Amino acid sequence: MLVVMNKTATAMEINAVVAAIEAKGLTARPIPGGQRVAIGVLHNQGHIDASPFLGLPGVKEVIPVTRPYKLVSREFQPDDSIIRVGENAIGNGHLTIIAGPCAIESERQALTIARLVKQSGAKLFRGGAFKPRTSPYAFQGLGEDGLKILARVRDATGMPVVTEAMDHELFDLVEEYADVVQIGTRNMQNFSLLRRAGRSDKAILLKRGLSATIEEWLMAAEYIMEAGNARVILCERGVRTFAHHSRNTLDLSAVPVVQKESHLPIIVDPSHAAGRRDQVIPLSRAAVAVGAHGLMVEVHHQPETALSDGAQSLYPEQFTELCSQVAPIFRIFRPDGIAPVISIP
Amino acid sequence: MLVVMNKTATAMEINAVVAAIEAKGLTARPIPGGQRVAIGVLHNQGHIDASPFLGLPGVKEVIPVTRPYKLVSREFQPDDSIIRVGENAIGNGHLTIIAGPCAIESERQALTIARLVKQSGAKLFRGGAFKPRTSPYAFQGLGEDGLKILARVRDATGMPVVTEAMDHELFDLVEEYADVVQIGTRNMQNFSLLRRAGRSDKAILLKRGLSATIEEWLMAAEYIMEAGNARVILCERGVRTFAHHSRNTLDLSAVPVVQKESHLPIIVDPSHAAGRRDQVIPLSRAAVAVGAHGLMVEVHHQPETALSDGAQSLYPEQFTELCSQVAPIFRIFRPDGIAPVISIP
Amino acid sequence: MLVVMNKTATAMEINAVVAAIEAKGLTARPIPGGQRVAIGVLHNQGHIDASPFLGLPGVKEVIPVTRPYKLVSREFQPDDSIIRVGENAIGNGHLTIIAGPCAIESERQALTIARLVKQSGAKLFRGGAFKPRTSPYAFQGLGEDGLKILARVRDATGMPVVTEAMDHELFDLVEEYADVVQIGTRNMQNFSLLRRAGRSDKAILLKRGLSATIEEWLMAAEYIMEAGNARVILCERGVRTFAHHSRNTLDLSAVPVVQKESHLPIIVDPSHAAGRRDQVIPLSRAAVAVGAHGLMVEVHHQPETALSDGAQSLYPEQFTELCSQVAPIFRIFRPDGIAPVISIP
Amino acid sequence: MLVVMNKTATAMEINAVVAAIEAKGLTARPIPGGQRVAIGVLHNQGHIDASPFLGLPGVKEVIPVTRPYKLVSREFQPDDSIIRVGENAIGNGHLTIIAGPCAIESERQALTIARLVKQSGAKLFRGGAFKPRTSPYAFQGLGEDGLKILARVRDATGMPVVTEAMDHELFDLVEEYADVVQIGTRNMQNFSLLRRAGRSDKAILLKRGLSATIEEWLMAAEYIMEAGNARVILCERGVRTFAHHSRNTLDLSAVPVVQKESHLPIIVDPSHAAGRRDQVIPLSRAAVAVGAHGLMVEVHHQPETALSDGAQSLYPEQFTELCSQVAPIFRIFRPDGIAPVISIP
């Protein structure tokens, strides 16, 4: 339930509504808006009677929230969230491209790639320092050394950096270095990690689980928001199906559905969906055309020697081509939007 | 295996190669090309020794075909097939939009919708006369009366018509009226129907099965081509997965994969994939952006009273909007291509 | 809706109810039961008012049918159907094992296998004469010659034979020879074929489609029953999922669900589900334990030389082992049931 | 690679082989067997040359391991692992039934259920203290209080207890109380948690992920074994598919495949697969018949008032019925096995 206050409601009136909600054993969560405050009512079991709140001073109306997710829903917040990271804005009206290698392998590798992708239009740099790997015998990432390299890349290029935290213990460390902390596919329902992310002041990139429904995904985002962090970016990256011509099946219908259900921005990772380089550019075009707020793409200057996921990493010139194709597509249906500027050398 | 002849090879030399192939108990299928003839070798069990053919007069080279499908493969025919239907060309360089209601309900309904979609840029008209329905108690289509209405729509509007044949017995009847005969999702591996389609001189629209792999789909097309009909258009329409926010999961990575493997054109049906109207425009943009050669979209002037699939049918003004969005997307990466002309009243 | 008559209702009273139903533009289908007749009301659109029927002489009660399938539902017929084929009974209280090769290859092959499987406990013989194959270049079966061999096997062994009809044209031919006509996985929603099967007096074995829901499967059976043939046997044979350690994923929960929803017998085909020999015995045990009314198993005396599906065919001695394991499992929870008698030579 | 020592190999010879392996930058892991020691070679990248080891004193042979998983594979350890928990043995020749409520709700509830299930044949008691829930607003379990109740249930009944640890931080706490620590479906690839479990001396119950392949699942077990804990029990609990007549699709073919690939015991959880009570008994029979080493079943004395998953919990008398059906099935194909003794009051 959402108690919407009058534009002219005073802080005292708001506090009184909060108190009335809490007096019933519920949780009140004031949500400041552009023009008016709304107060979310959480942790109710079943239906709540609206009438006691309707009579309180300053209350304009009471809106039932029909979804199991509350804070992430459009019912709670009708306007698109825009997540700011450094000088960038992610969400409604902006097309944000995140690019970089699967794993940070060395400072030289990271810097080389970062400079190349920045030139082509990437706004944020991605790279794994801690890598979740199916096999305990596979390369697990450079760890904290990788995080330090990411920080140096940010210093050198001005690009904010995105990297994954694999558990809530490592979160402290990752948070120190990253601008956006990624929660990976396998961890989408790692509830301890979600709660830890909710206590962070860093933006969170929440990837969809391999077989997660939209509702489960939004509920995972709700865990983060419920714990206090509203800066959540969703990332569709393909789901597991019987099909094997791509590593996973990119579910682009998730983009309009999420945008209808939630105010949170949603981007698409075509690299992990495809698992092979030759599908990444067409899927990127499709992702931007379907309305995604951005892309996260793997790029490597020498994919054949990459320590992980080389087969799906674009060559730098392919990434330039990608950016030059997606920006005008974005402008067609978002003529007022902000798309990346491509500077082809 | 493919025996490629010299540009200057004579008919006698070609016939001699055909005879040599058949003398080994194999099937020879000459494939005329722009500049030279190639002869496909079919029905072999396992590897064939190329050397006996390499020595024959007029033979340039022998190319092994590594795929289980032969005639549909890029190895057999490297250049894109363009399927002509009336004055339209479907395939490489053309964006073809097919639109119309799920089912033909009356002449008035069909004509009304046909005129509206033509105005907005549709080149072919679709409508079901025989409807495959999960329930024996559901509306099964107008049958031959529906086919007659389709013919009158073609006469009145000049648009070729697409309609489904549900079995090889009905094929004779449908073929009389239709310009393009559709083989539906549930019939993708109805091999009798595929063979019957292969003996037709009408173009065939072959929808992907609900859980068909790309290989199975191309093998179904191979059945049609092997029986003699090369005018096959593939249509991706979503696959069945655990996800339920759309009726099926549109698998757009199928488009680049099919285009890599086969010379046949591939279009996308976003209406059946989505099952709900509000996803059709974004998925259409994505389908064109990924590189599809066309779209097939359900449109109804009064969807709320439609006898089938009303929930996924666009309103005419939504269809106009769709065409006006997809045409410029197509032009971005196919600047020399032919996209529909939108005439907004 | 189901109009249940009194035990003492006369034929005239029954006819009068039928006439009253038809006077409303609906279809009446009398269903004779052990003690009383019920009359099914079909082809209604939406709710029917029961009151006009309740007042008619001889009517005991009117039961609404809440499922989209009618004739196949437990609501229409609460007691298990038992399908008789020759001297065999398939359904409640009987465990029926059907065995034989994937394809009939020769009379010698068919007879050899038939005698071996009969000895071990098989009651019906299976073998394909017309084979649906993914590739047009693969072995397509012996055709009518295969059917003739099946007839000779029946003469020689006394076992009724099961074989597939791939389309409604071939159905006439197959029906002449077979005791049970199989409708294969790829044809589960070939509605012309289902209707043709409904006009047959042979028992029909209806395999579940690769990605069919239980409801779609029962609706396919409804097509057959609605067209007049009540002798339908359902066969679970695995569904397509992301898993690839077996060819398909055997969905054994389908067995209790079908048994709750429908009165029709359901058997399990572990061979096609597994696609590999080493899973067939354990899956057979599981299928019988879950409550299936029978098994259909592929057996070949020389699987390594089989023309199709050799990898999943059991050796005869494995089939003997299978029968000797499943019969006592069946007896545990069906102590009054009839399980196959194993005669190990 | 596995270096197999002679039966008579001395500790010095074994140490010398270990040293030779480590000198090459690899990891050596001696695996004591009944008659001889084998030394696993881990962390190699690609092929290792066997010849340097073949010449060392005491070495009998060198076996290449062809699987990506090593320690869990049958190649490393051909004989079945039997995991001892208290007086119970889980694995080859034993049928172990674990039962209890989804969540611990109170001491009275836990004790009531524990006594009932013990009477019917359960050997271990299960109950959640920390519950992973899709919604942050759902009941999350009693936490440490729940663990204390579990400890009291063990004291009162003598049954070892199984409960879930949701992250590696909570693992310390759970480990203090539990005899078997469960790693849940959503955490199957929570690699930090797997490594923490690998450092524990408690047995680990590793549930299969919702869309995990067998290989990914065994690799998750490899993480635990690689970190030092060999007491891993696998648990199949259904995978996510398009089918919705059961909550998940129980993949029973996983049981023989795992048993072929690995020496670890594998049990089945029919309750979470089905999600509805009426499928639990038939699926339990099937699981035992397919060859599972045990079952984990949810039982509640008052399911309609359960705080979570009541719809899938058996009534105590149903659990008694379940045990009385599965024990004789197990004895049929494991005549020398140890099945639960049912004491029906």
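Per-chain numbering from 1; labels A, B, C and D assigned in written order.
Just so we're on the same page, contacts are C-beta pairs under 8 Å (C-beta built on N, C-alpha and C of every residue); 3 or more make two chains touch, one makes a residue touch a chain.
Here the structure is a predicted model, which is why all the values come from computation and not from measurement.
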- Message: Taking each chain's centre as the mean of its C-alpha atoms, which one ends up farthest from the centre of chain C?
- Response: A
- With respect to inter-chain C-beta contacts, which pair, A-D or A-C, contains the greater number? A-D
- Distance from the CA centroid of chain A to that of chain C, rounded to the nearest Å? 50
- Message: On a C-alpha centroid basis, what's the spacing between chain A and chain D, in Å?
- Response: 35
- Task: Could you list the positions in chain A whose residues touch two or more of the other chains?
- Result: 211, 240-242
- Parts of chain B lying in touch with chain C, wherever the complex brings them together: 42-44, 68-70, 132-137, 166-170, 186-187, 189-193, 210-211, 215-216, 219, 222-223, 226-227, 240
- Item | chain B contact footprint on chain D (complex, rising order) | 240-242
- Using the touch definition up top, name the residues of chain D that touch chain C in the complex. 211, 213-214, 239, 241-246, 249-257, 260, 273-274, 278-279, 282-283, 285-291, 325, 328-329, 332-333
